[in-house]
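Below is the structure I would like to discuss, written out as C-alpha cells.
Should a chain be cited, it is by its letter among A, B, C and D, assigned in written order, with residues numbered from 1 in that chain.
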Amino acid sequence: MFKELKREAYEANVALPRHGLINLTFGNASAIDRSKAVFAIKPSGVDYVALKPDDMVIVDLEGRTVEGTLNPSSDTPTHRRLFLAFTAIGGVVHTHSSYATAFAQAGRPIPIFGTTHADYFSGEVPVTRKMTPEEVVGPYEWETGAVIVERMRSLKAEDCPGILVNRHAPFAWGPTAAKAVESAVAIECIAHMAFVSLQLAPGLTPIESELLNKHFKRKHGPGAYYGQAGR
Amino acid sequence: MFKELKREAYEANVALPRHGLINLTFGNASAIDRSKAVFAIKPSGVDYVALKPDDMVIVDLEGRTVEGTLNPSSDTPTHRRLFLAFTAIGGVVHTHSSYATAFAQAGRPIPIFGTTHADYFSGEVPVTRKMTPEEVVGPYEWETGAVIVERMRSLKAEDCPGILVNRHAPFAWGPTAAKAVESAVAIECIAHMAFVSLQLAPGLTPIESELLNKHFKRKHGPGAYYGQAGR
Amino acid sequence: MFKELKREAYEANVALPRHGLINLTFGNASAIDRSKAVFAIKPSGVDYVALKPDDMVIVDLEGRTVEGTLNPSSDTPTHRRLFLAFTAIGGVVHTHSSYATAFAQAGRPIPIFGTTHADYFSGEVPVTRKMTPEEVVGPYEWETGAVIVERMRSLKAEDCPGILVNRHAPFAWGPTAAKAVESAVAIECIAHMAFVSLQLAPGLTPIESELLNKHFKRKHGPGAYYGQAGR
Amino acid sequence: MFKELKREAYEANVALPRHGLINLTFGNASAIDRSKAVFAIKPSGVDYVALKPDDMVIVDLEGRTVEGTLNPSSDTPTHRRLFLAFTAIGGVVHTHSSYATAFAQAGRPIPIFGTTHADYFSGEVPVTRKMTPEEVVGPYEWETGAVIVERMRSLKAEDCPGILVNRHAPFAWGPTAAKAVESAVAIECIAHMAFVSLQLAPGLTPIESELLNKHFKRKHGPGAYYGQAGR
C-alpha cells in the first residue's frame, strides 16, 4: 500500500544529505497524496544511511498513523499544518542547513539580492515571529506550523516556497516532494550568497523589481519559458 | 551530426557540478564550431545527472535551433551575443557559483590581490553596470550579453576571460569550452580568496603591476613558459 | 579479547574523518567497558585510512596498557580523567574541527542561539579557563581533563555533552562512543551556525528558555518523544 | 631510473587535490634524493587526474633536467632554492589553498592562536616581504625562493615547516614529501581557524608560550612522545 508515495518521500529524504543540507538525523521530508488525504513522512531519529522506502510512515490529515511500524518524525504536526493550509503543495522539507539556520537564529529574513534568489522566490525569504511561551509549551510542532501559516497570510505558497522559523530553521515546500527539496537547496544557497554579499556591502539594497519579476516569471506562471514545459 | 561539438559542450556542462560550481540546474556551458557557425548548448532546466551528449542543442549564430529536440538553455541569446562579439573564443560558461555571485549581487568587481588571480586575468574581474528596466523587460538574455560586451569594450576577451553581471552571476569564456570551465573555476576560487583577504584587510590595495604582469604573461601570450606548449 | 570494545572505538574513530571533523591524524575517540574498567582508544599518530580495529589500545582506569602493541593516543590521560569523573558516559571524542576550534582559540563559549543547539545542549557550549603554566608543564593531558572537570562542576555531563578547551579544541562525550561522535558533529555544526549568526547580528541574545527546554527535553530525559525509543 | 623518487613525488602531488588544497593545475610537490643530488617534481600545467608517476621530471641541484620528457613545473627554481638552503628537508609543496592564500594576499602572517597550530609550528606562519620589481622581472621563481630563505634566516626549517609568499601563496616543506604535504594541509587548516578566531575576537593575542612549547615539543625533538616513534 502507498508504495509510490513512500518512494517519493524516501527519495526526497535521502536527497537531503546528498545535497549537504543535513547532518546526523536533522531534518525530514514528506510527500502527500491529496486524493487519499494521507502523506508519507520520515520516521523519527532514523539515520539516513539506514533508511529504506518501507520505513516511511503514512499519516492522515487528522494526524493518525495509517501505516508503518515506526514513530513518524516528531515534526509531523508541522508538515500536517502546512499541507492543510497550502492546498496546492505536494511535499514539505525541513532542514537545519547551516546558512539558512544562521539567518533563522538571528531572526532575519534572507534579503533578495540577486537573480539566483529571484529564480525561486518573488521576494525575501520571510522569517516568522518568535513563538510565545504558551505556543512552545503547548502542541509545539502544530504551533510551529501555525506561525508559518500566520506569516504566509499575505503571501502565496507558490511565490514563496519556504520560510525561516525564528530561532529554529527553514521549512520548504513545492508542488512535489522533489520540488520541495529543490526549494530547500535554493534557500541554503541563497542564504550563503546573501551572507557573503552582506559582508561585502553591509547596506546593500534588494534587487530591482523589474529584474526580480523577470527572473521569477521566467520560471513560474503562464509566461514561463525556462525548462522543457513548452515542448 | 555535430557529434564532436555536442561532446565538447556535454563534457563542459558535466564538469560544472564536479567542480562544485553548480547546484540544481543553475548554469550552462556551450561550445562553438566557427567553421559551421553553430554552437552546442545545454538544454534548459535538465538535471546534470540525467544529461547525455545527445541532449545538447545545436543553435546557429542567428539563434535558430539547427538540431535537437529539447529547448536550448534560456540563456542561449547571451551565449550567442558573446560568440558574436568575441570572435576568438570557443566556449562560454555561466554559473551561479557562490562567492562570485555574492560579488555580483553586491555590484562589486573582484579586486586583483594576488598571483592566483593574475594567473588568469590581467586585472580585476569586472562587473557590468545594472541593466535598465527597458533592457530587462525587452529581449532580456540578449541584453545581458550586450551589457557584458559594453563593459568589455576597453578590454580584450583573452586578457579578461570572464565577468560578473550585476545582480546576477558570472559568465566566463575561453579558447575552448574546457578552458571556459577553467576560467569559471578560477573566478570562484579568486572570489573566495578576495572575500577572505578583504575581511582580513579591508583597505587592501591591488597587486603590484610587475607581479601581475609576470604571472599573467608566464601563462599567456608569446613569452609564456608555463605548461607543455614549448615541447 | 575486548573484540567488541575495540570495534566500537574503531567505528567511532573512522567516523570522524567521514564527518569532516578531522584532518591528518588530529583527534581520537575511545569507548569504555565499565564492567571491566577498561577503555579502547586510538593509537597515537596513526593515519585514519590505515587504521584497523585491532590497532585499538586497551587501557585501564589507572592508565596502564592492558592490551595492544602500539602507543595509545597521547591524549589518553584526558580521556581517562573524563571517564573517571563522568561515570555515566560510554565514549569520549576529541577533534580539532574548524569552527569549534576557532571558538576555543578565541576563548569564547558557543552561545546557544537556536534549536539545533538546544537539541543537544541545555545551554551554551562552555569553554574552560586557560591552563596555568604549572598545569601545562606538569602532567599536561591529565590536567587538561582536570580543567574540563572543573568547568563542568556546576553542569551535568548528560545536559552538556561537550566542551571547548581554551586555546585548544573541543572534547565531546555521550552514553556510547557513537553518541560521543554525534555530540562532536553537533558541536562543529552549531559552532558554524553561531559564527554566521554573530556576523549577521553581533549583539544577538540567547534562545528563549522555553524553546530551549522544549527542544532539549523533546530529545532527552523521561518525557522525550523524539526517535524510536517509545516503540 | 629514479623510480622510487618519482613515486614519492607522484604520491605527494596527487595527495594535494585529495586534501582539497588544489584546484585545476595550481600547485606542485617535489621529493629529493640527497645522495644523488636530484629531485623529482611535477611537470608544468598537467592535470592531476592525468598524472602518472613516470611523468615526474628529475632535476639536479644546478637546475638541469636529468630525466623526463616534459617541462618541469615553472616553480622548479623555487624548489631548488629551498632544497639548497634547507639541507635537512626531503620534500617541498606549493599550493594556492584558499585561506592560506588569502593571508598571503593580505601580506599578513598567520598568528598562532591555539594548539592545532603549535602542533606544527613553533610560532606564527611567517610571510615574506614583497618582492621588488627587479626581483620580479629577473629570475622570478629563483628570487621567490630567495625571499623565502631571507625571511627564514632567523628561523629553523624544522621549527617552521612553511611560509606565505607575499601576494602569492604558501610553500611548505618537511623531512619527506609526504611530511611536506602534511605541513601544507596544516597551514590551510590553521589559516581557516585563525581567520574565524580573528572574526570572533579581532584583538586576539597569541597562545601562551608554555602551551605553545608543550604542544610543539610533544610532537618534535628529543622529548617527543606523540606517535609510534618510541616503540
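Here is the rule we go by: a residue touches a chain if its C-beta (ideal position, glycine included) is under 8 Å from a C-beta of that chain, and two chains touch if they have at least 3 such contacts.
On a predicted model such as this, the values are computed, not experimentally measured, just so you know.
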Chain labels contacting chain A and also chain C: none
Given chain B and chain D, the chains that contact each of them: none
Cα superposition angle of chain A on its copy chain B, in degrees to the nearest 5: 90
Most distant chain from chain A, judged by the mean position of its C-alpha atoms: D
Copy pair chain C, chain D: interface residue numbering same or different (half cut): different
Chain C and chain D, separation of their C-alpha mean positions in angstrom: 32
Chain B-chain C separation of Cα centroids, rounded to whole Å: 45
Two or more partner chains touched - positions in chain A: 195, 199
Pairwise chain contacts under the document criterion: A-B, A-C, B-D, C-D
Chain D contact footprint on chain C (complex, rising order): 23-24, 26, 43-46, 69-71, 74, 96, 98-99, 101-108, 130-131, 133, 136-137, 140, 167-169, 195, 198-199
Chain C partner contacts - residues on chain D that touch it in the complex: 19, 113-116, 119, 182, 185-186, 189, 192-197, 199-201, 204, 207-208, 210-211, 214, 218, 225-228, 230-231
